[in-house]
Amino acid sequence: MTSTATPTAGPHDDPVEPGWADVTASESSLRRFLHGLPGVDQVGAEQRAAGLGTRSIKTTAKAFAIDLAIRMVDLTTLEGQDTRGKVKALSAKAMRPDPADPTCPPVAAVCVYPDMVAVAKEALGASEVHVASVATAFPSGRAAMDVKLADTRDAVAAGADEVDMVIDRGAFLAGHYLQVFEEIGAVREACAGEGGAAHLKVILETGELQTYDNVRRASWLAMMAGADFIKTSTGKVQPAATPPVTLVMLEAVRDYREQTGRMVGVKPAGGIRTSKDAIKYLVMVNEVAGPDWLEPDWFRFGASTLLNDLLMQRTRLATGRYSGPDYFTLD
Amino acid sequence: MNTFEYAPAPESRAIVDIKPSYGLFVGGEFVDGHGRSFKTISPSTEEVLSEVAEADETDVDLAVKAARRAHSRVWGRMPGKERAKYLFRIARIIQERGRELAVLESIDNGKPIKETRDVDVPIAAAHFFYYAGWADKLKYSGHGTESLGVAGQVIPWNFPLLMLSWKIAPALACGNTVVLKPAETTPLTALLFAEICQQADLPPGVVNIITGAGDTGRTLVSHPDVDKVAFTGSTEVGRAIAKSVAGSDKRVTLELGGKAANIVFDDAPLDQAVEGIVNGIFFNQGHVCCAGSRLLVQESVADEVLGRLKRRMGTLRVGDPLDKNTDVGAINSAEQLAKIRRLSQIGEQEGAERWSAPCDLPDHGFWFPPTVFTGVTQAHRIAREEIFGPVLSVLTFRTPGEAVEKANNTPYGLSAGVWTEKGSRILKVANALRAGVVWANTFNKFDPTSPFGGYKESGYGREGGRHGLEAYLR
Amino acid sequence: MNTASTRIDVRKTYKLFIGGGFPRSESGHSYVVSDVRGRFVANAALASRKDARDAVAAARKAFPGWSGRTAYNRGQVVYRIAEVMEDRRPQFVEALRQGEGRTPAAAGKVLDESIDRLVWYAGWADKLTQVVGNANPVAGPFFNLSTPEPTGVVAVLAPQGSSLLGLVSVVAPVIVAGDTVVVAASTERPLPAVTFAEVLATSDVPGGVVNILTGSLDRTAPTLASHMDVNALDLTGLAGDPEQATELEIQAAANLKRVRRAPAAEPDWSVEPGLDRMTDVLETKTVWHPIGV
């Protein structure tokens, strides 16, 4: 960015990004900065995303992509009807997605409501699978600040490794960027726990932001406020993750690293159901942000049904036969 | 671990059936030529694909006679609504045989299957659909209702099937018959189109396809019984045609070379602008008359745009045209490759800085890596001459006035690009650019409803849209 | 005869009209213009190659300003030419009487038609875009508009026979379209063109928009046809002379000029013209823009 300040890169686990003090000094300076980011042409962005979607990923490339996608799944259940049993089953599946095949890698994390964090934590034990918890009055984010912070602290206290917060879209759309910035910072502080800070994923709820310009601005706002990840959606609002939205976010993290040296992860969530879709996203990660992001530390899929399709495709590649849903567990 | 190598994803060649030799398509049948024959090769492998007849004067005359006969006896008299149905039929067959056409085009031309599949073939079909609908509505066109007669059409090698459709669809819709000569390096899809005409039961002689090189083309456009000449190709040949038809009654349209400026202002949507730059110059290996071959970037964002551009160029996949993941295919011919190399060397000698995306090029065939020259000035030959390859010249500017002045400082005037988020600036600059097509915040878009053609030495006449009918009516 | 009481005519030597001024030919040459019976009428400037080049330069210089005016304004300016012509009726009638051998009544009718022709074209200025432009429904999220734009500097060889109506009929469409023009007037009948130049100079037409050369086409036409800064060439004045017309068309190919070929015979200028004299000197520009939020 030519028109923007260049902050010095801060240590990864600093509570807020230190270099943005000038930019975040006032509502107006923050607005000037965010509105000074290059615009996004909707048609051009959508055509680029569609173009990347025509890549043909076959054989060895497909096998690589499917295993990578499995390792990137945040296996998610965020329903009012969630039970301890369901979360336990989900956790088991997260660790051993395909019990018949020990070469199948585990997923990245299990993503639940705060009250289920302890259950998941216990079920996952010492495995490498993380527990992610939504927080901050998910999914609407419509609660008082102290409630949001308490929600976050509860999740962290129960053992969440990762917190998926929602931003206040109302404030963002009203142009109260500083308020959103400060909220993210406060939640980030609330993520501090005994065993180190939980990683913070900031959900932009892009379906409510309406424009790609807003997606880009919200991405930068979240990164400047210290987000470890930027995430598209709660999954409760349509449209959820889309390729062009994710493209814009991948461009944002790419540019942010170029400017600050700090890498931020990206998590599309909601609506990604097939291996084919997942592979398109991986192509996009590869060609837009770059191969450095092709790790579960830097890219995740927020999904529930995606995993089964990945497993079916994985089996087909291994056996040459098409599998069916009866051969994989429902949860 | 995190290297995502795309495995080869080749489109199958099995769908195409290339015959060892082809004659000329005259009067509805394939006939032997009276002249010599020549070989057409695959530019990506240098493999000989087929042997094709080179039409001589006798052949050209027979083809024109067949077209004349078809015009006076059948096609010129046929009600528009009936002509329309033939064109609709042809459009449908192009769609149905789309994969075959795409693969064949890719093999013969060297362009990526991704482009033949998603651009050349669908737009070719769309042209026939579009002009089919005009055939019985000509009285509403404002350009008359009478056909001219026989059209002699000569097309280039960069978009063989697409250029064929740009030429044949409006000509036929208006009641003309045609003799079309495809380029000598890319005759195969035109010959397949001849089969499609047979399949559509198009009356004999309405479409005649004669293959050959420059001599055949010259003979065709100067044939005294040709009423209309349509040419797409180099300005040099266009000029020769303009001279050869002087004093005749022939109507002429010429779609010639270009050296388009692609202007990027500092408030542009940069990521999309970079895509537009890439699409502007690397689409179809830069073998595009309207290619955005001169990047004019505002000085304040020049470094940033170049950085992004080079990073993006690093992801371009150069190689096997039939691989579905190939972005940049083979240069169409050894001759064209030599020209690109020569001008690139001149660029270096004149002091411009050359950078090519790192990529492995195949051992056989004709290849040139996506290349960008920086530090280019208006005086450099690479900023003035059409390279017709994947070579971009980058110049900078400081003010809108300077951008427009540099953009217009060329004998060409085919196309231009403007990138800025400021609406009033787009309109002002688009107005000031002396070019027939201006792409604002996009580039290299084509549509059958949209007129295409140049100012100044980029030729005259328009193809596409209602305007495209003018060239074939009186 | 009492010569002392006979007033001697002031014999006129008419000049060229270039860039809004009336220069003599830089060559210093002039030629005698006679009436239909061969009697001396006046001297006219014999334009040289250099004069033709100067005229092209003047037309080029005037082009950005003229083409940049609103269509409404161009229409007003052309209409104003018609108004000023009305004021000079006697002069035009006299020129037509002498040059074309017409009766005063017939000359008056030709003048009426010439003025009406200007009025007709004046009205086109702000309608052309609507009639020949197009919004194109492309298959994608793009705004796509085709509009006519003037092609640039147009060289016109005016008809040899119809020295006023013909002249007006070939000049008006060019300037209405927004182009600037260098016109070579009828060689034998230049006086209506000279008077027309005086009208232009006293109306609102900016200098250089219309440039009028008198003299021999042998000198001016090849220069205009081969000039690389001329965008279009109208060979109407060579009606019935296919040989020279062909030669000039070949020269015009040097920079791909848009050429309007010479007709076999000079047309009947009294017929209402179509659009073609305007569309011949127009380009179509198509602008694309994405539609998004």
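Order of writing sets the chain letters: A, B and C. Residues in each chain are counted from 1.
Everything below uses one rule, namely that a residue touches a chain if its C-beta (ideal position, glycine included) is under 8 Å from a C-beta of that chain, and two chains touch if they have at least 3 such contacts.
These numbers were taken from a predicted model, which means no experiment stands behind them.
Comparing mean CA positions across the assembly, the chain most remote from chain C is A.
Contact analysis places B-C first among chain pairs (by count of C-beta pairs in contact).
Here the CA centre of chain A is 70 Å from the CA centre of chain C. The centroid of the Cα atoms in chain B and the matching centroid in chain C are 38 Å apart.
Centres computed as Cα averages put chain A at a distance of 44 Å from chain B. In chain B, the residues that reach two or more other chains under the touch definition are 441-442. The set of chain C residues touching two or more other chains comprises 140, 142, 290. Chain A has residues 41, 43-44 in contact with two or more other chains.
Those residues of chain C that touch chain B in the shared complex are 131-132, 134, 136-140, 142, 144, 146, 151, 231, 242, 245-247, 249-250, 252-256, 258-259, 261, 283-290.
Remark: chain B residues 1-9, 114, 118, 266-272, 275-276, 300-301, 304, 315, 324-325, 421, 441-442 touch chain A in the complex.
The touching residues of chain A, counted against chain C in their complex, run 41-44, 46, 210-211. Touching chain C in their complex are the following residues of chain B: 126, 142, 235, 238-240, 242-243, 246-247, 254, 256, 411, 426, 430, 435-442, 445, 447, 449-453, 455-460, 462, 465-467.
By the touch rule above, chain C contacts chain A in their complex via residues 140-142, 290-293.
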